[in-house]
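Note sheet for the following structure.
Each chain carries a letter (A, B, C and D) given by its place in the written order, and its residues are counted from 1.
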């Protein structure tokens, strides 16, 4: 990996800073996310997913690029739009879909729901559904690493809209002054729920244009190119791991579907979606693989395997019962129960 | 006032963008604040001021410079360190000291206390003691002016430490996107309570270095020179009044005393206070007046008058009773009372 | 007279008041162009324009503060908290700013605004989007707190809230938005601080709020039909001011009090009412006061577990029947 | 055995636990170099160094969140809210993050931290620096809530709080910091969820917390001496978990319950206790349950008005004597 290059290109594998294994992994994860998210969408329309769900269709390159750049001990802090990041860290499709379907086989057996996916064994330290809160929480995890001399990096994902809430500002300043090993990834998909981010933000690039307010480098990247995301995230994580402090990375992207399951996204200007579908991360990456000489059959193999996994997971979820009633009152307190009195 | 000049200088009154009347007013207010604050300090040590109090000794030029730049209808939003701004808008020393002494003759008859000085008739729309809250509140007042087509400007004062709280960030972004007629004045006195601002802030100038994060101009000025403050504030207020939106002004200054009455300020490095006493705003301004040809006797007259006013106010406060007990339960609700039930 | 949803009642109430008073303005995340995430403000942006109906950034502190600053100086803002749970990110305004301004300034300033929240559970949104926070607001001196259970109450109480010179927290229940009710034509204006007896009864008083009102009513029918217990059901409607007269008079008649609360148990609104009755109507009581609440737990996302958590007619029936037939414990 | 102030007890407790457990860290505004604005953490920075005792910016959300993130992943943070009122600016962490994490993750993660607040009135600081917020925290499922009234309890309960695997809100009372009490030498460790009977009595039970404890005790002496009423005084100490046994047993004996609460009236902690007693001990009661609270108002700054607002021994005596001698109302 000596030959660093700025943009991806078909130089052939010998001259490739990323390498075939990583590249295949990047594709595999993107495909897995795409298929699982599409399935989630179908299941919702079959009325098998209750409550809400927030898909990352179109944003797969960010989840994949960052996750592949992470080491096993690194920690992810996600939002309600966290299926992608959870899957990217290696959590099974069944456990994610099971949670979306609020079944006993879900990651939290249905207690948390789609907005709170957590898998500590995979380093997924929770998904937080109140905008802003997890930025300081990620700082705390990074502080623990610094304090204990542990070498992991905490990574925090959030959207463009999140940059306008107070906790964003507090967390960024805090991370810098304590020089914490934390990487903030802003997925700028151009919208908060239904409101274009430009309508409510004083600067064009809600994260990158504010980096200087915390003495940070301005980092703005193409979030639909997994290689670019991977390289940028890797550099930021290396820096954090070596004691160089936090980074803030703004990834430009677009969500193909509405904000949540309930949103048909009618507020979009005509043509916008189509333009971004041209830049679909899977399309880009499939082409990339071919350019790097991966065979069509290898690519198709990845895709087929993903479909198989998602189908199997779906069946397993459908077969899973809901959690037993006793679960209602477990784990409120550390003793496992909910007793607030004697 | 055609001849604008950048710095103050002894060019003689004909060539003066500020003019003698304004300049005398600037001095008068600074002296009034200085004397009243010193008296507050004395009264505290005589045990006549209970609770807390936060003095602006050393920061008088900001209060005076901004207040003189304001028009009668303009609105001030202050913090617990708000005696100076309240006095600067024309509130009597008696009403301020009366409130500090929690007497019936105080601005709020002792109900609010020193941290909440309010005089709506003078445009002092409250003093707020929880860091950050009044920045959005000032935005709201400015929004009302914009909505109703009223021409007043809302001015919000706060300290350097306040720039690290979430509400600062939210308010600045909000003010810019709604293009509100609000002027944010950061009094950077180098400390939050006892902690140097540099220890807890990612940039050197906590307000000015963040202006760009809101698409605002970087404005950093000498807060101990009332002329500089006056000119800068006036320009910002003109801009706001004409629909040009908000400004953020960082004024460098220093508080001569501790954070609050309880603080001997032992955390200061040796020599720091002395250095700043050289830059005492009253010293600077007294010299300025002389340079502009104001006679020593006129200056002394202002000073004597101020002492007289403060002495008289002190006596009036000492003579004032506490408020009647009935006041305890008035004005909780708009009907004047406190009934929460029938 | 027309049938209207609770959701549409919100828009109708705001329309009524915006037409009446130019000072009334509405702001919040996605309330304008999108008509709100619960579609309760659909059409207002089109009707009143972007000057009066405004989308905000995700900056709850900024727009709560802006609402307050505008209210202090002459407007009548209505600000929207998308999910009641998010009141926590701007709670300083609820706890320390809105309600204390008038008192701290000795009456120089007031804060006439309305904060709407989408409150309560039942939508399988999980622990951070489903809470009943009426007690978070009831406990703060200086606030008024309203939580209607029907479309007509939404209109009348919203109108009263907007015209009130105090900060009013208006809890809409997200699981009631789709429910329907008859609503008269023309202007509707109700009175804050008035409870309503929705079902007269002689054996026991049930006090309920918002989503718990239809459930209490259903339980009362079953109790009458299957257990011969005739319950009086009171919709509190307004927690502050609290119509203690209606409650105390009812208990004087029935001798028994049950509260049905969606908030988790500890320090719920029912505790306050229970404590008032245990003091002022003690000698009227013929037996224990019993509170039926959501257990003191965060809410689960799973549908069957959430259904288990919130008080429902069978649980209400069971508890009341057991108490009325049995001993104190 | 030594005499110690409540203030010094805080530092002693934290010292004891920091020496015992490397994972214990302290953070907050001005807690390190300055030893806290109430001087309750003096000496800790010098003793444990800047790695473990850290000053923060005025960013309550940042450092509450940081405490949580650290707690989730292996540390035992103690975070300081300078004045309890400021809990409102970071209330999301109190209401939605700390207490729900374990539940939402089905037990995968926990949040073992302690939040210290300087709670309560009496210092003439006015409406935004004087509130008693114990009910703000008691009402949230998943938190534990402690409020000691004496130096020895500060140490024992703080130690228990730090060792507890749950988020514990530890309300120190700012008007008690200067009070003194005897404290044994050596390690002190108490148990959360245990109330203490500080004065046995047979005629009535008085339940009090924090600053109200010495006041209730003083009132009890007067009631005994001047009115012949023998009150049992219980220091609740821990609101969650709540030692209902001690309270219910006491009421079973005395037949009467009075609460003395500093929080403003509505939804105060006493309402919860009243509602429990009115349910489970109804047949033990010989008369109304009476709550003596701060009126439901913001607090005034003026000394004489603040003194009028908070419950004090004369008011407690008057109310209890009147109730015990008179009729229900």
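Following the convention adopted for this analysis, a residue touches a chain if its C-beta (ideal position, glycine included) is under 8 Å from a C-beta of that chain, and two chains touch if they have at least 3 such contacts.
These figures come from a predicted structure and were not determined experimentally.
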item	value
More contacts between chains, A-C or A-D	A-D
Remotest chain, subunit B as reference, centres from CA atoms	A
Subunit A-subunit B separation of Cα centroids, rounded to whole Å	46
Averaged-CA centre spacing for the pair subunit D and subunit C, given as whole angstrom	30
Subunit A and subunit D: spacing of chain centres that average the CA atoms, whole Å	41
Subunit A and subunit C, separation of their C-alpha mean positions in angstrom	37
Where subunit C touches two or more other chains at once, by residue number	56-57, 59-62, 85, 88-89, 92, 96, 103-104, 126-128, 141-142, 240, 265-266, 295-298, 300
Touching two or more other chains - residue numbers and ranges from subunit B	109, 111-112, 116, 128, 130, 132-133, 164-167, 170, 173, 177, 199-201, 327, 332, 338, 340
Residue numbers on subunit B that touch subunit A, as the complex places them	132, 164-170, 172-173, 176-177, 199-203, 209-210, 212-216
Subunit D partner contacts - residues on subunit B that touch it in the complex	50-52, 102, 109-116, 128-133, 161-162, 164-167, 192-195, 199-201, 262, 267, 322-323, 325, 327-329, 332, 338, 340
Partner subunit A, residues of subunit D touching it in the complex	25, 51, 54, 56-57, 59-75, 77, 92-93, 96-97, 101-110, 112, 141-142, 144, 164-166, 193, 240-245, 276
Complex contacts: residues of subunit C adjacent to subunit D	85, 88-89, 91-92, 94-96, 99-100, 103-104, 126-128, 135-136, 138-142, 240, 263-272, 274-275, 277-280, 282-283, 285, 287-291, 295-298, 300, 327-329
Subunit A to subunit D touching residues, read off their complex	75, 77, 107-109, 111-112, 116, 118-120, 125-126, 128, 130, 132-145, 147-148, 154, 166-167, 170-171, 173-174, 177-178, 327, 330-334, 336, 338-342
